[in-house]
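Mind having a look at this structure? Questions to follow.
The letters A, B, C, D, E and F name the chains in turn, as written, and every chain counts its residues from 1.
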Amino acid sequence: MNSQALASAQVKANILIDALPYMQRHYGKIIVVKYGGNAMISEELKEAVIHDLILMQLVGMKPVVVHGGGPEINDLLAKLQIKSRFIDGLRVTDEATIGVVKMALMGKVNPDIVVHINRHGGKAIGFSGIDAELLQCRPLPDQPELGLVGEIQRVNAKLLLTNLDQGFIPVVAPIGCDSEGNFYNINADYAASKIAEALRAKRLMLLTDVPGIYRDAAHKEEIIPEIKINEVPRLIEEGVVAGGMIPKIKCCVEALMAGVDGTNIINGCQPHSILLELFTKEGMGTMIVR
Amino acid sequence: MNSQALASAQVKANILIDALPYMQRHYGKIIVVKYGGNAMISEELKEAVIHDLILMQLVGMKPVVVHGGGPEINDLLAKLQIKSRFIDGLRVTDEATIGVVKMALMGKVNPDIVVHINRHGGKAIGFSGIDAELLQCRPLPDQPELGLVGEIQRVNAKLLLTNLDQGFIPVVAPIGCDSEGNFYNINADYAASKIAEALRAKRLMLLTDVPGIYRDAAHKEEIIPEIKINEVPRLIEEGVVAGGMIPKIKCCVEALMAGVDGTNIINGCQPHSILLELFTKEGMGTMIVR
Amino acid sequence: MNSQALASAQVKANILIDALPYMQRHYGKIIVVKYGGNAMISEELKEAVIHDLILMQLVGMKPVVVHGGGPEINDLLAKLQIKSRFIDGLRVTDEATIGVVKMALMGKVNPDIVVHINRHGGKAIGFSGIDAELLQCRPLPDQPELGLVGEIQRVNAKLLLTNLDQGFIPVVAPIGCDSEGNFYNINADYAASKIAEALRAKRLMLLTDVPGIYRDAAHKEEIIPEIKINEVPRLIEEGVVAGGMIPKIKCCVEALMAGVDGTNIINGCQPHSILLELFTKEGMGTMIVR
Amino acid sequence: MNSQALASAQVKANILIDALPYMQRHYGKIIVVKYGGNAMISEELKEAVIHDLILMQLVGMKPVVVHGGGPEINDLLAKLQIKSRFIDGLRVTDEATIGVVKMALMGKVNPDIVVHINRHGGKAIGFSGIDAELLQCRPLPDQPELGLVGEIQRVNAKLLLTNLDQGFIPVVAPIGCDSEGNFYNINADYAASKIAEALRAKRLMLLTDVPGIYRDAAHKEEIIPEIKINEVPRLIEEGVVAGGMIPKIKCCVEALMAGVDGTNIINGCQPHSILLELFTKEGMGTMIVR
Amino acid sequence: MNSQALASAQVKANILIDALPYMQRHYGKIIVVKYGGNAMISEELKEAVIHDLILMQLVGMKPVVVHGGGPEINDLLAKLQIKSRFIDGLRVTDEATIGVVKMALMGKVNPDIVVHINRHGGKAIGFSGIDAELLQCRPLPDQPELGLVGEIQRVNAKLLLTNLDQGFIPVVAPIGCDSEGNFYNINADYAASKIAEALRAKRLMLLTDVPGIYRDAAHKEEIIPEIKINEVPRLIEEGVVAGGMIPKIKCCVEALMAGVDGTNIINGCQPHSILLELFTKEGMGTMIVR
Amino acid sequence: MNSQALASAQVKANILIDALPYMQRHYGKIIVVKYGGNAMISEELKEAVIHDLILMQLVGMKPVVVHGGGPEINDLLAKLQIKSRFIDGLRVTDEATIGVVKMALMGKVNPDIVVHINRHGGKAIGFSGIDAELLQCRPLPDQPELGLVGEIQRVNAKLLLTNLDQGFIPVVAPIGCDSEGNFYNINADYAASKIAEALRAKRLMLLTDVPGIYRDAAHKEEIIPEIKINEVPRLIEEGVVAGGMIPKIKCCVEALMAGVDGTNIINGCQPHSILLELFTKEGMGTMIVR
């Protein structure tokens, strides 16, 4: 190693050492990552997320992945020429639709993530909410007209804990079941939140397509780094949190109330945003805390 | 209970007691069941197979299910208007085809079996050959032109054994992977045979659409109850074992040579044929033994 | 298998499947069976009881046997020409008598049951209340004049639980001890009841020589299928429960109050009455519940 | 404590300390003790043996007791007026006789030892060779005319090892069984020897009514302290080892050949002879070694 | 063995048997022994203490040793010509002094005890309060001017319990640490007391240079055998407990209040005083109890 | 985070990800580090080594530290005015000298390393070769005149393996013992090598004061990156390996022959040289391999 190489190596060593206190802080902790949106589409971003997950596991964390898959579902619905019925703008999940959701999520998105992790040296297993009745559901009590959209009644935490203890990264497709043999489509943010609760996770991280919650949504200049749970109602009222961000932040609030230590809304389109959130002082995106 | 009811109950008790020695013989043993064909289509037969599996588990056996799914694959290929290319009559599995196979098996057939077992009180988990690299494959060395059709190189037996020990019924979709991230379509009989080998199973049971191997295929009157491994070449030569039965019997022979105790070719269209084979003196279909 | 054999086999399979929900309900549960009376004398009935116990174990239950042995005790007292002294019609257990009780129960009845279970493929171990101080006793505080008749002070549940977990059927002779080295004769129904309590058993089953509790003891036509704990005082007052049935039902009540889920008084003279009670909808004899 | 008491206490402390190296040498080792003869009859000797066993266990050894019971058997045969048939001077064990042997050993001798150990603070469990098929037998192949006298075919070592590991002292009545449900009378020295073999015991100690093997049987002055296995044939030929001592020494030789480290023939009539053998330099009686 | 040797051996056996109830009483219990003073200097006394510790372990107790080392510290301070500063007669522990204390205790006294135990067949490991932060300290809040004299804030009981369970005798040098990397000198009686509390020990034994607490300190004739916790204030007031005995008895009182069962102040100069206290009816020195 | 901060964070993330394959390669492996020389003196270098050890542990490696302490020994010898006797230029270790070695290593160097690791969040325990007889020695057979210099006869690997499994970093002072209670001074490189052998370590890393083995010792320009075991004799003969490097390379060769996978001679004066060796492609210093 010449002196230049040495200097560069030295910089690397210092960066590893700088990460030490963050590794210590998160050691042995369960981190539930909702993985979806554009971060699933770009090969480069996918690669970055997979690497982050494997590194997390290597330094002693216990990541759990819950994934979405909207584009694949839409794509398959289109190919199979299945038309969706909508009620108040919400898509009804009938038997034909849930069949497509199952194929898209369990037969495409989930195995693709699992294979990616495994080929990079991680040890992943794909699950859906029907395995050992991982996610027991009933129809949404307030919106039964939406059909097979599931409200989670019970999470089989033991299944995931056992697999985490054996060193696996569980990758969960958000499809649930009930005791009559029906399948349910579950919102992935919501599934991640309920799983984080059941596992008494330290963190819930929602990967989205935006950098976080903007202080001023119109100008998109500054991200709010931290929101306390009691500020949330006001932020919704003021329209700072709006649109699709409202259900996301509600998932965070529910998880926090049930004992999860911290929740993040971060930008999946920023490579290694998970690592940057966990391993830097400034963090990434918006953190919601108690 | 009146005297008639009592007499009938007594008959039931005697039947349970008659099953005792068979239960004792199979106690704690791993039984790999290849489940496919018409037994997967009729709701009534499906129900019977599920019940058989749950009963096997309750009386102490450790069943493992490997399923096929040809009709669902064909159906989905048709709907998606994907044309298959054929070489010498064999279908080539290209990228588009394997995508359909994944969706049909992992997103439809597998979860349907898992949910069925669970709703009847069993505890099933769905796996495919990619979970924790359960089935590591390479392309068929002699027929590379068939594309993503897999030869199994290594089975992660520990994954299945751990789940069996925890009281689960593993349900395996015959899809493999390699270290480059490719998926492979695997013949289900063959996958079941390799899994039985790796688990040092006591039995390999192939559910087919015929009652067994006929002594005289033309008249289909009498089933050969037992074939010794050394009789197989002659039976093939004489045409007693012919057509689609040849690869099946070869799977049996391979499993036997690798240490599996016994193999069965039985009729999935006969309700409870698994139970009848395991719990009666006469058994069902044709048994191939060393 | 010809078509007639097949039809008959099919019936058998259906009966096994019908038993499935009962097997599931009792899976892993501890069932304490008091075995005594005529069911111990007839070879055929003995065979049936042994088979029932082995089947219970095979399908995942944990049976514990507590046996009596009155006839053998009387027989040996007669042969050894030991006269019994009686107080108010109750036999006094003096040193000579307890010596005979020990020989009859521990040296004859108990090993005969153990050997029977083992030769039919079960795994039984014989215990008495002195092994690891399983049943610690003192003389009956209200009837000290009866001598070495024991009231149970403490049950070493761990000894039985450990052996159950190792897959053994414990067979218990109702002989107790105290810290001074005395032996005590214990009523077998009572011993079974205290053991059921200590093990937090699901069921206590008392095998008797009658079909259950008659609604009208004079005409012996109809058995009361179920009695609630709060009906017992009235039934005793009305004479429906009378004579030797009173202490039996009191054992059931005590066990229920201490947490046992259900208790049965069933006819040991009806072959497989244990199975019929556990595996049929109608059940057998009289069930006493909370 | 005054100075005299202190001096005396000091002596006690020194004696305990002197025993230290012997305790260390035997720590964790299995010692099989055949307990029989006059040491079973005198209350004082019985007390001494029980204390020795408890002390052995407390200082970390794992004692296993195998007991005889000839006098009790003879006594009960007489009381029941059962005449014995003899062939060449050896008693035939017919059905009636084995019934008496079972009652005397399992219903009297065994529980009396168990209760004695327990009331002095040890933790004993009584076993016979039928429990979990501990001692599987067949009739003596060379002397079938002796009836139910057993040759041991297989010892269930696991049963005893599990109980030793849980801190129990197993007390074994030498009664065996076969797979047809027959009981067998087994010579206690022989049973102890086979059990020592199966447990890979460190020591086999046979308690007898004589101080050891006399160098000159006529004058009974000097005991041979140690005999090497290869000297035994000569000693038998010379008549030094004669009569009832021959089968005893043969049991020792068999155990040694099968891996037991050392065997002792010691005087059960000398109080604490077990302790004196184990804890003093000179030892007691005659030791037979490889 | 001739008759004289036999008689003497018999006496030994009786003494061992007499110790039985004491062994049973202390079986499995943790005993914390503060070892210091003259008992550490005389080779003969050291030997006796080591033997006592090994015997305690062999008969099932779990001894923990906490040692002092004043003379070695003074000796090394002198050799290195380090002068001590005193405040109100108490020595100040500055950086230079703590360096000497570390060398004397961790580099001399501790390894000498460990090696002694090991060469006599015990299994000892040396620890100090810095290993796995066994003794976390802060400066004495009331006397900060004394410098690096530690008040114990937290004891890592798990470290010692794990090693006790693996059959080791932990030997602890009373040196503590804080989270800034400072070392602290800790009074050995006090360290032993806090360790006994944290381990929920059965006993705390302080070895001193006097036979116990005299009823009349002037005449030193009679030792008070037992003091109840509520008598302590009066005894201090009356001057019966005085001088250096006051902090010792305060350590005992604190340990008792925190759940330790009994505490002893005994004479380390009396050979085997530990054994004599534990294994005789009269005991040794003064016992303080609740 | 502004865009500059983000770019910089991104660089950090990439460096962490670059380290991934190295972390995976060393995961779960035992790495024995000999820590000595100037790297022990500079506070900054000490800090860097401690950080490296903690990071190694966090990412799943199992580091074991063996330390030297020559300067501290010389310093203390001087202060205590102990003169050393020399034979052929080698210092004789007599009783006085070993006493100083013990104090310097066990009472100063070892606890200082342990405290450093613990205050940075690692979990360290200090050991010496006498704890549970970790390093059993005899005098050097070829140089008995050197006195208490130890040749290692047996390493108690279990002690270290147990502590590694509990997540501790063992820090070992190279002081041995024998069964007579003598202490021995052991060369630290040699102790590290024998420990690496006994633990079947993956790596032995010797931290020295030079950058590695120079291709041309005179000009010290180029380090030989890798030496095969069979090149060593020639390199010694040619003088490339000379002086104090000869015993070091012999330790490496011995460890390799006994099964250690690789050995390094690296520069302790280069901050984070351990990390740079383990986590970069080029590595550091000279690697000796089979």
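By definition in this document, a contact is a pair of C-beta atoms (placed from the backbone, for glycine too) under 8 Å apart; a residue touches a chain by one contact, two chains touch by 3 or more.
As the structure is a prediction and not an experimental result, all values here were calculated from the model.
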Set of chains adjacent to chain B and to chain E: none
Path length in the contact graph (chain D to chain E, fewest steps): 1
Chain whose mean Cα position lies farthest from chain F: C
Interface residue identity across copies chain C, chain D - same or different by half: same
Chain whose Cα centroid lies at the greatest distance from that of chain D: A
Centre distance in Å when chain D and chain F are each reduced to the mean of their C-alpha atoms: 56
CA centroid of chain A to CA centroid of chain B, Å: 36
Centre-to-centre distance between chain D and chain A (centres being mean Cα positions), rounded to whole Å: 69
Gap in Å, rounded to a whole number, between the CA centres of chain C and chain B: 44
Junction residues of chain D - those touching two or more other chains: none
Chain B residues within the chain C interface of the complex: 1, 5-6, 9-21, 23-24, 27, 48, 51-52, 54-55, 58-60, 120-121, 270-272, 275-276, 279-280, 282-284
In the complex, chain C residues that touch chain D: 76, 79-80, 99, 102-108, 110-111, 114-116, 118-119, 123-128, 130-133, 159, 162, 166, 168, 175, 177, 179-181, 183
